[in-house]
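My structure is below; once you've seen it, I'll send some questions.
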């Protein structure tokens, strides 16, 4: 297995983001590219990451690989990759080798680890509301909500998307109409801001975010570009009181 | 009540500075503008802040308002105001509404709170020494003093202003003559650096600071511009030993 | 004693670096300039610092001086020196006076202190390997090693210098050939990364670093420019297992 990335900064960024939600992952490599599917320890959020073969400047895969890696170790190694460096990943027995080539040639070897538990399949979800909007505007609204509460509500109508949060004392509300593309029925659902704040770190990957949800139903946030896909599924907060 | 600020950054800065000294304040609004008078919990420092009506791009006040607000909440909301945003404050029943308008329209509602205790009047002080100097030079001297001690002395003579600090091991001294404008008798007084370090955060508001004091008597620091006034009164440290 | 530095930033930087390894030092001043020799409390590292008389824009030394100073105090004072300021050090009885002249004239006085213990002589070491290389490349390799372990190995051959680290799970290796100037026998030795990480802060002082070592023998790192010398001697880690 040889995977070569001419500009590994995005990859490094994504590993950082995922490491906020999970500690260890199965990194899958096959002819289509690299992918990670992982669930956070509290079983509240799922991460789906795909880096297609076109994202690599060079790729050789003899057989499908499933590599158990510690994200903390991987993050620490990727932090040592300067911009302008070329990163080549190879597998050597029970190690994943990171060859970093800039002025100096460096090699990190990470021990592969066993990941406990079976991999959960990606759930098949149907959403009544799909909102496409500027990812930075969405990120700002999530940060605004975090000022007043620890959860927020998404409400959609035919031509309106509302993000709201209500704490014990203070509240926030922002309404989006023309700036967003809406395909929605009337839906309303509540999500944890602690998780959303980790997920919006993907804002820098893509100018747009696709927000899929239904009433009291999971949320799927999708950050996609031609060269990568990072999606998050988040369980709703269903509360009797409010 | 409608108060509109086209450039709320200074207002946000001032709330930050005041929040270092007090947790909750009465925000007073009348036809002359907005004002805050507050005393820190240890009864050592008083803050006097005035934002005249001319500082607002639009202002409507039907009756005098006294709004009890938590500075931590207000600071957190104002931190979400980007430069270039327009901020409109309105009162709606028991809430203070922050309408932030930039590309997106956002609303924060803060619950008004009861402030315990009567408001103390601003003391009528007469000073024998008045020094006007560059606010940054003053701020640097306070920071210099903090390197060696936890209090500092101000000494004035007809043509000299001296800032000094003496710790158990090390000492600092800076003398100002031509760079400052002095109207002073011989005075000497000592003040807490912990408080002064919080007050000099107002340096960015105004190029000049007016330092009023007398021997073993309160200090009044005044940061004034045509569009705002932020003053601090600080009790002296009177010690028998030195 | 009068020592005048027109650009005290480097001096300030060096005191910062030394303060990471020792708390108090004897500052020696004689006609040749200023020097510090110090050993860290754990007896693992020695620092040798020399600032020749040519580094001072003005220097008057009537007799040899040995000034005991707290590096924390000195560091705090030097942090107050802005770039563009002129620093003059004088001795006045039991104090070291720092006169800082920029727009404002400031004076700090630091109490001189007694340093316990005799000063250790600089050991006379003979090295089988001498590597001269870019100081930033060396610094980066040390930081890379720190990602995987708490010690690293230096290995030299006739035309190769290898820096390696091996943790319980992960490892790092970098090989230098053409980029470095090597005068070496086959040598291999292991050193603490905790100490090396403090020493490589000297990278900003000099573009080159001279790395002297032998098998299971102390290391001497030398950062030299025409106007200063900062060297470190570090005991090897000799372990039976590994």
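Going by the order they are written in, the chains are A, B and C; count residues from 1 in each one.
We take it that contacts are C-beta pairs under 8 Å (C-beta built on N, C-alpha and C of every residue); 3 or more make two chains touch, one makes a residue touch a chain.
Small disclaimer: the values here were computed from a predicted structure and weren't measured.
Asker: For the sequence-identical pair chain B and chain C, determine the rotation angle of the Cα superposition and round it to the nearest 5 degrees.
Answerer: The best-fit rotation has an angle of 120 degrees.
Asker: Does the chain A and chain C pair touch with the same residues on each side or with different residues, judged by whether over half of the numbers are shared?
Answerer: Counting shared over all numbers used gives less than one half: different.
Asker: Can you check how far apart chain A and chain C are, centre to centre, with Cα atoms defining each centre and the answer in Å?
Answerer: So the centre of chain A lies 44 Å away from the centre of chain C.
Asker: For chain C, jot down the residues that touch at least 2 other chains.
Answerer: none
Asker: For chain C, which residues count as touching chain B in their complex?
Answerer: Chain C reaches chain B through residues 70, 73, 76-77, 79-80, 103-111, 113.
Asker: Considering only the defined contacts, which chain B positions touch chain C in the complex?
Answerer: Residues 137, 140-141, 143-144, 147-148, 169-176, 179.
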